[in-house]
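Shared between the two complexes below is subunit A, which pairs with subunit B and subunit C, respectively.
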Partner chain A sequence: MDAAFVPNAVQRCSLRTFALWMLVWLALVVWGLVSAFLCFYKGLNQTNMNHYFAFGLWIVFDLSLIALGAGAFFTGFLTHIIGNVFIYPFVKSLKAIIKPAVVIGFICYSAAIAMLGVDIGQPLRGWFIFWHANVHSMLTEVSFCITVYLGVLTIEYLPIILSNRKLKEVPELNIFGNNLHHMVALFAAAGTFLSFFHQGSLGGMFGVLFGRPFAFREGFLIWPWTFFLFIHSSIAAGPSFTLLCVWIAQKATGKKLVKDSVLIVLAKISGWLLATYIVLKIMDTVGWAYGVVPKAGLSFIDFYQGTYGVWLMVAEIGVFGIIPAIILITPSLRERSGLVIIGAAMNVTGIVLNRFVFAIQTLAIPVMPFDTFMSYIPTWQEWGIALGSIGYGIMVFSLSYRYLPLFPQEAELNPVTVLGKGVTDFGVVKRG
Partner chain B sequence: MKKKGTANGVRYGMVIDLDKCTGCGTCIVACSAENNVSVLYDESDKTRNINWLKIYVLSNGKAFPHTEVVYLPRPCMQCDHPPCVPVCPTTATTNDSAEGIVSQIYTRCIGCRYCVAACPYHARDFNWFDPKFPEGMDRYLSPEVSPRMRGVVEKCSFCHHRLMRAKSKAYYEGRRDLKEDEYIPACAEACPVGAISFGDLNNPKHKVSELIKSPSAFRLLERLGTEPKVYYMSTKDWVRRMADNYLQGEFKPKG
Partner chain C sequence: MFPFVFEWGWDVGRLIFMGLLYMVLGAIGFGLLYAFVMTWLKLTGRDRLYERLWLRFPFTLW
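Take a look at the complex of A and B:
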């Protein structure tokens, strides 16, 4: 029924199967929308956040989504900037995943901004950040950069949408899409600039909290070390997340969409960035434990109590940091298809843990000696909005996959034949 | 000597004598009534209720008969180097350059709660609920203080409206400076045992400027560098020990 919209020379499941698949994720989105409505209507008392946990699950998701969405700008940076200046063959091969990377980036950033819209107590005043901007606040920098960058991602996504077979038939849209496509390097450069700043500012947001010795860091000029570590960790995790998404798409469609060699390149880049990040993260942790911590009159173990014990640090840096770094930088390990996925998934988990630790553990630790150590469990409304963003992401990605030529290698890797003839200029929808 | 803090040298601060405080809670009631602090449907939920001034119970942890308990009232510390002000993305909180009071502009606050996360004293409260006042209490609301709406952060303002009132009176009478007793926050005024003193920390004629020089005077979490303008006094070493974090051997008892 929708065959006319399906890209050339590729096969898609039936509309019925697709609708059923979408229905599952729509349920998550509806759960999220109901939760958002309750939060808007009744207020943030619908969450389990309180004066101690001013930030909760949503900030963890926001920080994680933005870190994982870094695959978009970093792949764009490598393909359009590095690839144009230096001719590295491995960079050229990344062209095969630039489109899905952009779509994933768009999903992550739009979901994060929507979630922030619910998270603030007065959503109608969101624009005050731009109107009454406090230039000293890291959150101002984050807000400006992620908003503008979402615009950049939209501009990068637009030519992909306009490359839909049916939309291409409209000459004006076709010309517009082509023109945008030719300017893509410019937007990739803008995206890189913006991303470096907001990824950094997100880390800076916690590093500047001199009232919270767990998060506070010394730094370079106005930037605490977390500023640089957040940039580094996001570009380490972003490519792994892109790899993981492509692998999930391959499993869900039962097709090979990208050549293994491309995924290995992603794993290699991700691995080396993760390895260098982990070295710097360990240096930062040691510096913090011997600098900030005793200066505040505290000892290392004071920060690891109750639910949030030392196991969190071991998990973040050791299990989900050092191990995936070893897997991804060792050629013999990363070339084994099962291991590369495990490595990428562990890398992503480690970075999510890092964001969790900064957002939640920072707040759980009492600073006044007579205060109590708190823990926090989100409500179903908080889970609804967080999981709704995942449902939204899968829906947007599925729609993009079905109707847009996201994977340039798909046709080559999955030759389609109908009645014995090769299909070159029209889409095919498998029945049943 | 160059005076610390503000442009005109006035630096309002508070000294709370913990040896005098009985923990009666009059300061909280006076503060809440003065500043139109709303009442939660369940006031026992101390992690979500609104109190500009909160009383912590400190114990020396010893068994009877050596048990000692001290009550520590905690308003906003009105830091000279506040951790909350630079983080606010909408400039909804400022460190007043004239008197050093940390303000909160409720109609500009977007409720991101970054300031709540930044403050180590938990002096900032977020309105998780719509403001409610028990029947009849709404008729006692002060016209000088705007009630806060759901979704914004609020905090102790050192009863800033009282400062405005005193300044207006002084201006009307052709004076530039305020007398010591002309501007006092509600908590200090209401304390039945006179545990809370208030005044200009930079003015040698004000009692507080003398009190802060006492060897018993200390501030909460001084090591973090927030420079609070709320001082405490206690002759008990264990109380002073609990005001900050110390590594073993760092705390020097005064004996």
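Take a look at the complex of A and C:
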């Protein structure tokens, strides 16, 4: 029924199967919408956030989505800026992955901003942060940059939408899409600039918390070290997340969508960035333990108690940091298809854990002598909105995959033949 | 955000922050405007002007 909208020379499942698949994720979205309605109608008392935990599950998801969405800007930067100006050997491979990376970035940022819309409690006053901007606040910088960057991602997504087989038949849309795509280097440069600052400011936001020695860091000029570590960790995890999403799409569709060499390139980039990040993170942690901690009159173990024990640091830096870095930078390991996926998944888990530690553990640690270690369990409404964003993401990606030519290598890797002849246009075979 | 908003001051911090923001917004706006203008030129048959205005990356960008 929707065959006319499916890209040329590729096969898709029946509309019925697709509708059933979408229904599963729609259920998550509905759960999210119900939760959002309750939060708007009854207020933030629907959550377990309180005066101790001003940041909860949503901020953990936000920070994680924004870090994982960095694959879009970093792949765009390597492809359109570095690849256009310098001789960069991986450009050809990255061009095969840039479209899904943009879609994933768009999903991550739009979901994060939607979640923030609920998190601020009164979205009708959301514009205050722009209109009455406090230019000395890291959070203001983050708000400006993620909003403008979502605009950039929408502009980058638009030519992909306009490349739909039916939309392409409209000359106005086709020409506009081509012209917009022609300017993609400019948008990629703007996206890189915006991403650099908001990824950094998300980390800087914690690093400047002078009253919370767990997060506080010295730094360079006005920027604490966490500013640079957040940028570094996001560009290390972003390509791994893109790799993981493409692998999941391959498993879900039962098709090879990109050549293995493309995934290996992403793994290599991600691995070296992760390895350098982990070295810097260890240096930062040692510097913190012997610098900030004694200056605050505390000891290392004061910060790791109850649910939030030392195991969190071992998991974040050791298990989900050093091990995936070794897997992804060692050619013989990353070239094994199973291990490369495990490495990428561990890398992604490590970054999510890092964001969890900064958002939740920072707030769990007592700051007053009469305080105790706090803990926080999200309510079903909080889970609903967080998981709803995942459902939304899978729905947008599935629709994009079905109707847009996301993977330029797909037709070559999965030739469609009818009566022994290759099909280059949907279902059309010239006889004789 | 704008000089006519009451808390605006002509201090260095604000000028750097807002200056960079408006620079990026300007670049994005230019890109969009360029795409619209080029589309209009192509659709109205002004092919010679279209060719003259066609930016060739990366040299024109840098």
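The criterion applied here is as follows: the second predicted complex is superposed on the first by the 426 of 432 C-alpha atoms of A that agree within 3 Å, B and C clash if a C-alpha of one lies under 4 Å from a C-alpha of the other, contacts with A are read in each partner's own complex, and residues count from 1 in each chain.
The criterion applied here is as follows: a residue touches a chain if its C-beta (ideal position, glycine included) is under 8 Å from a C-beta of that chain, and two chains touch if they have at least 3 such contacts.
All values derive from a computational prediction rather than experimental measurement.
In the overlay built on the shared chain, the residue A:155 is in contact with subunit C alone; subunit B does not reach it.
Of the two partner chains placed around the shared chain by superposition, subunit B is the only one that A:213 touches, whereas subunit C remains out of contact. Looking at the shared chain after the overlay, A:182 reaches subunit C, while subunit B stays out of its contact range.
When the shared chain is aligned, no partner comes close enough to touch A:254: not subunit B, not subunit C.
In the superposed model, A:132 makes contact with both subunit B and subunit C.
Once the two complexes are overlaid on the shared chain, A:190 sits against subunit C while remaining clear of subunit B. When the two complexes are overlaid on their common chain A, residue A:84 makes contact with subunit C while staying clear of subunit B. When the two structures are aligned on the shared chain, A:298 is found in touch with subunit B, with no touch to subunit C. In the superposition on the C-alpha atoms of chain A, the part of subunit A touched by subunit B in one complex and by subunit C in the other spans residues 131-133, 136. If you check the complex, the residues on subunit A that touch subunit C are 84-85, 130-133, 135-136, 141, 144, 148, 151-152, 155, 171-172, 175-176, 179-180, 182-183, 185-187, 189-190, 193-194.
Subunit C makes touch with subunit A in their complex at residues 1, 5, 7, 13-14, 17-18, 21, 24-25, 27-28, 30-32, 34-36, 38-39, 42-43, 54-55, 57-58, 61-62. Touching subunit B in their complex are the following residues of subunit A: 43-45, 49-52, 54-55, 119-122, 125-126, 128-129, 131-134, 136-140, 143, 205, 208-213, 294-299, 302, 362-363, 367-371, 374.
Touching subunit A in their complex are the following residues of subunit B: 47-48, 56, 58, 72, 83, 86-92, 108-114, 116-122, 124-130, 149-153, 220-221, 223-226, 242-247, 250.
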